[in-house]
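Next, two complexes with subunit A in common: one pairs it with subunit B, the other with subunit C.
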Partner chain A sequence: MTDSIRDRLKAPAGHGEQSGGGDTAQSSLTTNDFVQTDSRSSHGPEQTVPAAVPAVVPADVHPRDPKAVQRAERLVAALFLLAVVGVVGFVVSFILVPFDFGDEGFEYYTPALGFFMALALTGVGAGAVVWAKTLMVDNEVIAERHDLASDPQERAETAALIKQGYEETGLPRRSMLRNSMLLGAGALALLPLPFLKDLGKTKNLTEQMAKTGWRPGSKLLDELGRPVKLGDLEIGSVRSVFPDVPGGRRMADSAALMIRMQPELLKSPESRKDWAVDGHIVYSVICTHLGCPVKLYEQQTHHLFCPCHQSIFDATNSAKVLFGPAARNLPQLAIAVDEEGYFVAQGDFNEPVGPSYWERDDSYPDKVGT
Partner chain B sequence: MAKQSPLEKGANGTAVWVDDRLGSSSFIKRSLNKVFPDHWSFMLGEIALYSFIVLLLSGTYLSLFFEGSSREVIYDGSYAPLKGIPMSAAYSSTLDISFDVRGGLFMRQIHHWAALLFMAAIVVHLARVFFTGAFRKPRELNWIIGVGLLVLGILEGFAGYSLPDDLLSGTGLRIAYSIALSIPVIGTWAAFLVFGGEFPGGAIIERLYPIHILLVPGIILALITFHMMLIWYQKHTQFAGPGRTETNVVGSRLYPAYAAKAGGFFFLVFAVMALLGGLFQINPIWLYGPYDPTQVTAGSQPDWYVGFLDGSTRLMPNWEIRTLGHTFSPNVLLPTQVLPGVLFGLMAVYPFIEQKLTGDKGYHNLLERPRDNPVRTGLGAMSITFYMVLLLAGGNDIIATIFHLSLNEITYALRAGLFILPPLAYIVTKRLCLSLQRADDDLLHHGIETGTIRRLPSGEFVEETVPLPPHYSVLLTAVDTPERRELASHLPQVEHQAAPHQPKGFFKPRGSVVEAPVPRPELESEPSVD
Partner chain C sequence: MPKTQRSRRSRFSSYAALLLALTLVGGLYSAFGASKVKAEDGANQSIAVKEGRQLYLQGCSTCHGLNAEGGAGGPSLIGVGSSSVIFQVSSGRMPLANAAPQAPRKKAKYGAAQTQQLAAYIQSLGGGPELPSGRLDDGDLVLGGDLFRTNCASCHNFAGRGGALTRSKYAPALTESEADEIYAAMQTGPENMPRFTDNQLTPDEKRAIVRYVRYVTQEAKQPGGAGLGQYGPVPEGLAVFLIGMGLLIVVTLWIGARA
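Showing the complex of A and B:
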């Protein structure tokens, strides 16, 4: 037997009784305790739940040992006072602990608040629980459950009432009335539909989905907006590129990745032979699975890796899918070099970028097998 | 008559005033006398409720500072590393909450931790209700409400962590948009209407904000209220025990001790969240940076309760159908929409499936122990295994990194595991349950071994046993299943040591009071029942 305050407070040894703590398997209830008394019988003639609530355990579970009572009371009081300490600590930390970012010790601000608030809450919470468990009367009582189902007569009467009302409306006989009402109510249900219209800019939806910011002759800009030139990239390196149009840097569908590798590594199909320049090849970074940016390039294997769902694409081979849930290769951007040596796009991507969608027509002339 | 204290006088006056107008006495009397059975596992739902209250409190505070807008601003707050960077007002105001509002970061972290705890408590509570059969008639409605709360909790959590518009949350939103795209026929339209246009659409933060702080919490609050009203009206279930029958409820009265314990427990749960919010960093959005549709970080992970869907998405083979000028994406649709739809749908109708299969249409107010219903427990273990495989798959990249394993092999193994492990879990669990029942029956039939060896006149040695104390045998015999009966028929019947309580009929009310006092055996240590 554990030696908790609760145990010491309770009935003398040998006299088993139900501990309010609850787990039936742990309780030490014996049949001696099934005394049919109500601890609240002193509450006057108007019994609260008279016959239904006999006490299972003897009414007298008041603590007996006055010393234990005193200890319990002190413990509860101490816990409640702990809450005061917590609140004071919280307010003091709130005001005095350095708060501004970068000030010495500012990293202790949030932990201090959390600590003292937890202290205050624990004080109140534990105080209440310990109080309830040690000093309050907590008899186990029995209440009868009431029948949930109504009695058959009540049911029949209710059903009859509904039926009668329904007949009083005349609906069963007047079919025209009924049908027109259903039609009217149905029409009303459709009324909100037009409100959906302006929730999204759906004009030319298919075209929006198919087009990105790339135009024939668009320069390829890097993260900082500088045009990328032939020779800027070492072999084996990559660069994020964006179309040279207003807001191109932030366009969600236009971001692309330029990779430079040994030209002989590229296994482009005949139709894409002149889309790369001297081992520089550009793919859309928008994953064809769920649209995460595919920007992790593995130099040795020339794999492009999507960090969201682990699709892997082969950068040497038209970014075909090697592994993962993506079903299509990354679209490729055909590039060229202008007279000044800057990279430019030959046009838009060869197919819509990003995840699949219902209207996506897959009959693109330059598409490669998957 | 004793003199009344001013406090008593005031309380009396107020009570009379209210009762004159509402006649509330009888309701209050009944409520204060309401009997609640006690068991530690009944606290799990309470934790969910209390977490929700903490969410409402902390969320209200955060809403005073958060600006749910994707309007672009240049950051000019205290956090030096991001100064001068263009970002959305949502992200900027979240930074302000973290660095310029005293206690703001603390509140944010409490809010996030409370959300994680809320979902965890719901899931564990759901498991408790499932494995003890608490969902059976008449409580099927409350089970369905519970499943609704689980789904709404996931949506609410997703909306919440999408709001700060940091790199991680924006990535999640883009995935959500792409998932919407995969709906056949109307997918593109749906995605455009929800996001305001082609991604990013420019409206999603503005729309998620009222959904997150008003619409969904409002529905959750209404459902929780209804959930609790039903518990109140139908009365709580209880485990079998002495005097506990199908037609009564044995426990503590609400007032005062039970209320004090439950109220105190709220503060303790709150304290845990305060401690977590203060001491354990969560979602440090300033490290992720503002959302940029062209950026992502390796190891992107959603909050844990969305993880299983991330996992199913990762495990799915890349099936896609392209025909007649249209593209149909089972590789996205199945794991992200069909799977949760089927899972939560099955979960919601499970009480009716079980009714159909067992033909049991009776009321059940006594809980079963998991072993008492091996098939259900097996099904539960099966579901948990299925879920855990998906959750693991959601972190396949992290597992690969930590354990230096091949990502591809982990994925293949988990794909196989998704189909092999759940049935295995079912079989093992069911056998375990039956064995535990057998052990129970052993105890019932033979009693408790005392370790005292007696030598009979014939020279034979026998061990003395004592019958189980009644509260054990009541618990052990409370449930009478066909499997149990069949099992019991194979057990040797011990003539001289009849079980103190023969298993009675299926959930028949058993004598609430044991007639003769059965002395408690004096034992060094009590045998554990579980």
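Showing the complex of A and C:
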């Protein structure tokens, strides 16, 4: 018998006794009331107590003072009514409080909803807890675990039922049906396989990851779409610039910052000599660490500062990393001035913008060591 | 009773006399004084320059030099413009209290009139950016928000609450900044702040930005009930975590406690 290993508890004789001694009342149970059968010696027929009934320790209803009971009852009822108030308040403020931004009193909308919802939830929850703590029977009940496995007869019956169902479908006899079904189900399992293709190597990866919206000759637009021209910036000025291509101002990877400083401060290497115009220099604002916008420019120190992880780039020296977790310079955009005096890009950034990625080609020309 | 009435009447009559006298003086001044001021505007300007020079020699020349040519302690002020003086002096940054990575905002040492005199003196030396006349904080709020978020928010926070820069420097909070200080800061680029010329941000766009800053720091209401300094989701999460978890722990202890 599988259930013979269970420990048994005999229902104690003192069940239902009113001790009347308050919370500190001693249980009338003694250790003798527990009839424990040892699992290794309980295979005999002496086992008589049915396992289904859990043992009940004597009930200890509290508080016993009828007045206290009444008080507790009223408190619980009041808490439940508070929940009703909360619900009514929620609905009323949902209808009455203006919620359109800028309307008179709109700033009370969310707090009012939150307050009344909290009132409703707290009312129900606190009522239930107070009820359980003050009015309900406070005793300990031991409920035995039962075996996970069903008993053998039940298992045999279920197996027979399944087998019968299988026979009735006719599958054991109709082998063509069965085999074609297996084939169809197997084919279905292959259906998601094409989705794995994106995990493989992408053909035009360079186009997707390493190129931005900047094209040779595209004008530099400010955030309102006005082309930036020579003379707009004074020394110590900066300008956010975007490529003059369709949707250019929405291209997150193309955002750049134009800085103007004294031309003699620029320490560009020979290969970058003609990338800046009269102290105007343009860098990508996408941090090479994790892609935050590096637009905090200090016009006295010429530092570009990333607010996320405190990387500092030297704007006078090809945006070299001075400090912080960034591993590479900010990419630079070579610029020129067209015949009308507007700034134009000579091409794309000198290297892919933003954080590193697995397939990043690390051998870009004009690379300046950090 | 008659005594009380009499005393009340006499109290009122003294107020009335004061009011009458003030009205009279004010009326006389506006009748005769105004035209005089207009006529002597140029003269007043040169008086302001003279007064400003006196203030300058007493308060500023130790560092900036007797003729604002610059010295060991401070840069030349020739050509920085009256705008720069308005920003530095009325925000209390100048006179500098002690050498630090950055001049902090503090209580202004000079009143508005003295600041104007100092500004007039510095402007007389070599020109430079000047504040436009008229209201500065009546620009387009929506445009100002757009421009602020593109040009200013990276350092000053989207709600003008400021933020850290490199090596102990910081972009200050704009919560106490007056309209003329905000406008002057954009014009002159104090300390490490970049300058925004009128070719970049037109006077109307600068006014729009001033309007937005004033709105977001002074007038904007909090749809969530409390702004928590408007530093963004981090303090909000922290508040929810500390208050919410604290409450949950208290409630759990209460539920688990023996009745």
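We adopt the following convention: the second predicted complex is superposed on the first by the 248 of 370 C-alpha atoms of A that agree within 3 Å, B and C clash if a C-alpha of one lies under 4 Å from a C-alpha of the other, contacts with A are read in each partner's own complex, and residues count from 1 in each chain.
As a working rule, a contact is a pair of C-beta atoms (placed from the backbone, for glycine too) under 8 Å apart; a residue touches a chain by one contact, two chains touch by 3 or more.
Just so you know, these numbers come straight off a predicted model, no measurement behind them.
Undergrad: So, A:186: does it touch subunit B (first), subunit C (second), both, or neither?
TA: neither
Undergrad: Return first, second, both or neither, reflecting whether A:165 touches subunit B, subunit C, both chains, or no partner chain.
TA: Neither partner.
Undergrad: Applying the document's definition of touch, where does A:127 land relative to subunit B and subunit C: first, second, both, or neither?
TA: Touch status of A:127: first partner only.
Undergrad: Who touches more of subunit A, subunit B or subunit C?
TA: Partner with more touched residues of subunit A: B.
Undergrad: Can A:66 be said to touch subunit B (first), subunit C (second), both, or neither?
TA: A:66: touches no partner chain.
Undergrad: After superposition on the shared chain, which partner residues are touched by A:113: those of subunit B (first), subunit C (second), both, or neither?
TA: First partner only.
Undergrad: Answer with first, second, both or neither: which of subunit B and subunit C does A:233 touch in the superposed model?
TA: second
Undergrad: If you stack the two complexes on chain A, which partner ends up touching A:199: first (subunit B), second (subunit C), both, or neither?
TA: first
Undergrad: Where does A:296 make contact in the superposed view: on subunit B (first), on subunit C (second), on both, or on neither?
TA: Both: A:296 reaches subunit B and subunit C.
Undergrad: State whether A:354 touches subunit B only (first), subunit C only (second), both chains, or neither.
TA: First partner only.
Undergrad: Where on subunit A do the contacts with subunit B and the contacts with subunit C coincide?
TA: The answer is residues 23, 101, 109-111, 114, 129, 133, 138, 240, 293, 295-296, 307, 310, 323 of subunit A.
Undergrad: Provide the residue numbers of subunit A that touch subunit B in the complex, in ascending order.
TA: Residues of subunit A touching subunit B: 16, 20-25, 27-32, 34, 36, 48-49, 53, 56, 94, 99-102, 109-115, 117-119, 121-122, 124-129, 131-133, 136-145, 148, 196, 199-202, 205-206, 208-209, 240, 242, 249-253, 255, 285, 289-293, 295-296, 307-311, 321, 323-328, 354-363.
Undergrad: So in the complex, which bits of subunit C are touching subunit A?
TA: Interface residues on subunit C, with respect to subunit A: 146-147, 150-151, 154-155, 163-167, 169, 171, 189, 191-197, 199-200, 221-225, 254-255, 258-259.
Undergrad: Which of the residues in subunit A end up touching subunit C in this complex?
TA: Per the touch definition, subunit A meets subunit C at residues 23, 62, 101, 106-107, 109-111, 114, 129, 133-134, 138, 222-224, 231-234, 236-240, 259, 293, 295-301, 303, 305, 307, 310, 312, 323.
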